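These notes open a run of structures that come right after.
Same chain, two partners: chain A is paired with chain B first, then with chain C.
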Partner chain A sequence: MNFKHKYVFLFPGLFVLIGILIFPIVFTVRLSLSGWNSYNPELNFIGLDNYVRLFTEDPRFWEAFFRLTFLSVTTVILQYIIGFALALMVWRDIKFKRFFRVMFLIPMMTTPVIMTVIWRTFFHESLGPVNDLLSVFGVAPKWLTDPALAKITVIIVEVWQWTPFMFLLLLAGLLSLPKEPFLAAAIDGAGPIRKFVYVTFPLMAPISIGAIIIRLIEASKIMDTVFVLTSGGPGTSTETSTFYIFIRGLREFQMGYAATLSFTYLIIMIISLTIIAKVLTKLMIKD
Partner chain B sequence: MKTIKTYVTALISALLIFSPVAYADKWSDQFPHIKATGDIPGECSYESISKKNYKGKTLKINTHAVPVMGEPTALHAEQFAKLTGATVDVTHTPAGDLYSKAMVPFQAGQAPYDIVFGFSNFINDWKRYLAPVPKKYTEMRQMKDVTKSHIGVASWDGVMYQFPVDGDRHYLKYRKDVIDNPKYQAKYKADTGKTLRVPKTWKEYGEIAAYFNGWDWDGDGELEYGAAEVMKKDDLMFAAFFSRSVAYSKNPRTPGGFFFDLETMKPLINNPGFVEALGDWVEATKYVPPGGMNFGLGDEINSFGGGQTLFSFSWDDALIAAMQDDSPIKNKVAAAPLPGADRVWNRVTGKWENQYNQAPYIVWGWAVGVAKQSKVQEMAFDYLCFFANDANHQADLAIGRFGVNPFKKSDFDPNIYIDTMGWDPEIARSYTETLLGMEEKSTNRVFPLRVPGVFEFTGAVAVGTSKALAGQLSPQEALDEVAKEWEAILDRVGKDNVRDAYAVGVKMEDNKL
Partner chain C sequence: MHKLYTFLKYSFVALWTMFVVAPFLWALSTSFKDFQSVTSKVTYIPWVDFKPTLEGWRVLVKSPARGGVDIIEPYFNSIFVTCAASAISIILGTLAAYALSRFTFKAGFVRNNDITFFFISQRIMPPIVLSIPFFIFLSTIGLLDSLLGLVVVYIVLLMPIAVWIMVDFFNRVPKELDETALIDGCNPYQAFYKVVLPNSIPGLIVAGMFCIIFGWIDFFFAFILTFTEVQLLPVKVVALNSSVTPWWSLSASALVSVAPLIIVAFIVERYLSKGNLSGALK
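On to the complex of A and B.
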């Protein structure tokens, strides 16, 4: 029998794949080799000029990249620790378990831009409630105008918004764990800490790696929080790669150069996340 | 017979005398927005536009989000549709996306919108995609009423591409109840040995702002501060910086460029005049409210308009907010020209000139044009003409959130603000005289930069000045970095391309256009 016609059934999926994945990437690469901007609205060919500019004349992109690395790694570590703790808490048989599970998910269900506006109001240094409360103790931190504190403020908002996502993945992982290893540990007389270190954590390692990688991918795209809270300021102290690419592309309309930045950023992310996943696997999974 | 004739004559006279009132009532009954004035006769009045028939035609408009400019666009679209039978689709877009939302289809040869709203400094990039305003409109009475500054802002080398619907400039706003208060004048004199008055220079502005910073000078139980300024990076802060720079760097004796030397195209952004202005601005971080370094335009409006600060300078909105009926400081504020400086940089001699200098900054503002590819251009221009007709314009001016500000000579009649908005006569006069002085009388004005790649230039200024405000770099280092970036942009865009465009703005600044 001739089954060649079976390939016809692949076409719908293939078209979708080409349309939503392959074409945008190919077009971005082509765009990155052009000088398309507001005064030169053409998809002309300028070779690697944009890449040369990026690697020789644009320290701001690299500064933004290292800042992003710091912000995303810090937020994801905090999200993992807090998310794991919360998941462990509602994994046990506690009162109002269902209520807490829903409560912990609420931040993730809110609209990031709206919530960041609310956070910005909270942290407003002269009108916000946070400094109003702290003034009782005689302190008034410059949440959004001190370069170091502004980074911490961004981290606080990101952790608040996205810890529930980590919580959700880790709770799902905990609920799917087999009961036998825990019974065996209990028979061997292991206490809660030993149980966690020798049973729960190793069993959760594959899920943890997946959750961390997913969150790292998302955290590295941080944009709305920075845009609303600080616009990348004060100075450039909270400017991240994605925000910088947005400025070059959609504020300054340097479409060709923004495509170069995007493609380079994509390559860097693919390489670094692959390395991180390998390292985490090596560290967290014994066999 | 004679009695009948007398009655008829009296009736006709009465009809003639009261006809404008009857005429106004007819339209203001249907359109309460213009109830204060009724329809005002003109080329695009309610009466004139009602005679057009655009039934079956659709007008597509891309405008700003509600309320600023978005709300009047939608309101006048609804009125226009009612009067002409047209269908008007209004799309609201955030300010940051107005440029790209029009530019992407423009560059792709499409015209999804017949009318596009944006800012006046888009003109150089947009003009090739916009239809010039037809002679019929440029020569009408309504247009003759527009100030020469705003005719210049809406035009490119004598050709009008943007239909004037709004006027913008930066000027100083201050708390009149403090500056004119004899008690505070005496206290200030005793404490500093200086006279408390509307500041004439930026140094004086800084001294007064610092003195009135951090204490409750209006007795409301809250702390007040020296000034509210737009300092948030990328949130129009570059315009605030230019407002502070004009006094030190716009020398009327050295024509030929404020941002660049037109002959050599050398950036002037790091000359001692600009550096002095940035130094002042860094000092200003000490007398803005806590968090003031992160104030965008909205924060500045709310801060000054809410009575938190003594000074503010930017567009009209903060003053209009302060003068609205629900404001706690209504009739306690006033307007004045931007402060000047005791010395001005002469880029030709490379020396400071120790004489007083002041320069108005006709900063960019809202602008709107009709797409060249639009198939309903006549209807589109009629809509814009209707938007800015005298009745709509006067009603729009009274609503602070609309963001429509004076740009017609007739707007500078203080009685408009006294009679229709309840302003104190002295404040109304300070407002209209300040604006009129900038618009029509000054010969040392600075216009917005309108060159190819303008956003790259202003973006570099925002980054550099923001670094200085945050203490990451000194003013000189920050502006040297900006100048270096400007050189790189010039290389990319092409010096001659930028020069050709910049020359048009310089002609206006040098009063040659």
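On to the complex of A and C.
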């Protein structure tokens, strides 16, 4: 094939993307070396002061980062287990198969912030249905204002919202599996559990890794839910990295420092996601 | 043993279905309430627990001057931004994906996989990281608070998805297809347009659906990069969630805004059951 044609296909997309992104990325790096804030909105040069501040006197960022790690890892593990279970159940013979499949997909089609507004009324301490039903047992948990419970509420909403995505990826994977290994296992007289451990799960390993990584990437951006549900509160108990950057950058207008946080965060994310992908591949694919 | 398993299976599926529909039912019920039935005690069933009114729904079509919410303009804004950004992303993304799937690129240490990774890795970027420089960038070129500005930003959000789905899809379309077309005298563009593209409709539909979903559900960019001139649906609905929250109109507008994409769930399911999606998503 003629050599030049391939560039005609690739370059429009590539250059549009680079064209849109080049300014924000270069600007973020430059901004992170400046002291741009609301009193002093200019691109002065203060060297690495912002980075020194981040690494020596800002435990709040690191706390937010660990909170983010905790929240996203927990939600993704829950989503994987539930999503895989749901996918296995509607994979083959079940009554109303297509009805259930549609039902399981619906939450991911809904706008997270809008549904979170509904969840907020759902978990309302005195006027929400959850506490109304729980009042039978004489308890009234503070779903949104108790530091520990608020995290659980965020996890519940995230699991509701995004398990469908995991379900979709895993079900699509299950449906594309070859039939032969299952026939062979059936001939060998393997029961459902052995079949899952020795056939389904290993065959699904590459798809599982892909799905988990995609979900981890998306989950690390968790923002909408926290923003509406708790606004990072009570205190900072549900504040994640992205939300902290938002507060510094667009509430307090410390643009320079927020850019430092953004850039550091991006580097950490890229490195850790690469490591996670490598480790998962090693763990789940034995040979 | 088998019976117990079936029982557990159905109870789990039924429980999850209930969990899925619970917020919708609650919102539906709330949307027919008035101040009295929201604040006195928790009520569920219309006519039994409370007297339903249509106030929450009526507010949606009233003009803001008369105490309405005016959801119609944000609705069309959202539709426009989502569709425009999805269309551009799909066109550019599909072309790039085709190149990455069919040709080999080599520039220094950069190979095809690295370029694909570059596209997809844009999803790692959280909206907040981009929105600060975009905020300054768009205000410099005067596109802050405009539909065009949002479309530009949404392309970054959506093109990675289009590339991700289409590369995998094209990898599964046999190469012989384009080779035959080339032998028959097509040039590479005709081969792509007349032969490969018509065979990639399922992939294109899935990619399009994903772009529409992720464009429609975005809140943060719209929240930061627009103020008063242009408002998108999620921003408008969340703005209702202020100090004195009218739960009824909030619920009604929430239901109206999530409704169109629920149709997408049916389309995705259809492709899933026909087996077309399995290739596209692997």
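In this section, the second predicted complex is superposed on the first by the 270 of 287 C-alpha atoms of A that agree within 3 Å, B and C clash if a C-alpha of one lies under 4 Å from a C-alpha of the other, contacts with A are read in each partner's own complex, and residues count from 1 in each chain.
Quick note on the criterion: contacts are C-beta pairs under 8 Å (C-beta built on N, C-alpha and C of every residue); 3 or more make two chains touch, one makes a residue touch a chain.
Computed from a prediction, not measured in an experiment: that's the story for all the values here.
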Report for A:192: first if it touches chain B alone, second if chain C alone, otherwise both or neither.
-> second
Name the contact category of A:91: first (chain B only), second (chain C only), both, or neither.
-> neither
Go through the superposed model and pick first if A:182 touches only chain B, second if only chain C, both, or neither.
-> neither
Thinking of the overlay built on chain A, is A:250 touched by chain B (first), by chain C (second), by both, or by neither?
-> both
Touching partner for A:57 - first (chain B), second (chain C), both, neither | first
Could you tell me if A:104 is touching chain B, chain C, both of them or neither one (first, second, both, neither)?
-> second
Max touched-residue count on chain A (chain B vs chain C) belongs to chain C
Would you tell me the residues on chain A in contact with chain B in one complex that are also in contact with chain C in the other?
-> 127-128, 131, 250
In their shared complex, at which residues does chain B touch chain A?
-> 96-97, 99-100, 103, 106-107, 125, 225, 232-235, 289-294, 296, 308, 452-453, 455-456, 459, 463, 466-467, 469-473, 488, 493, 497
Spell out the residues on chain A that touch chain C in their complex, using ranges where they run on.
-> 1-2, 5-10, 12-14, 16-17, 20-21, 23-25, 27-28, 31, 82, 85-86, 89-90, 94, 98, 100-115, 117-122, 127-129, 131-132, 160, 168-169, 171-173, 175-176, 192, 207, 210, 214, 217-218, 220-221, 223-224, 227-228, 241-243, 245-246, 249-250, 255, 258-259, 262-263, 265-266, 269-270, 273
Mind listing the chain A positions that touch chain B in their complex?
-> 37-39, 41, 57, 60, 124-128, 131, 140, 142-145, 147, 230-237, 247, 250-254
Quick one: which bits of chain C touch chain A in the complex? Just the residue numbers, please.
-> 5, 9-10, 12-13, 16-17, 19-23, 26-27, 30, 38-39, 41-42, 44, 88, 92-93, 95-96, 98-100, 102-103, 105, 115, 119, 121-137, 152-153, 155-156, 159, 163, 182, 187-189, 192, 213, 216-217, 219-220, 224, 233-234, 237-238, 240-241, 245, 247, 250-251, 254, 257-258, 261-262, 264-266, 268-269, 272-273, 275, 277-282
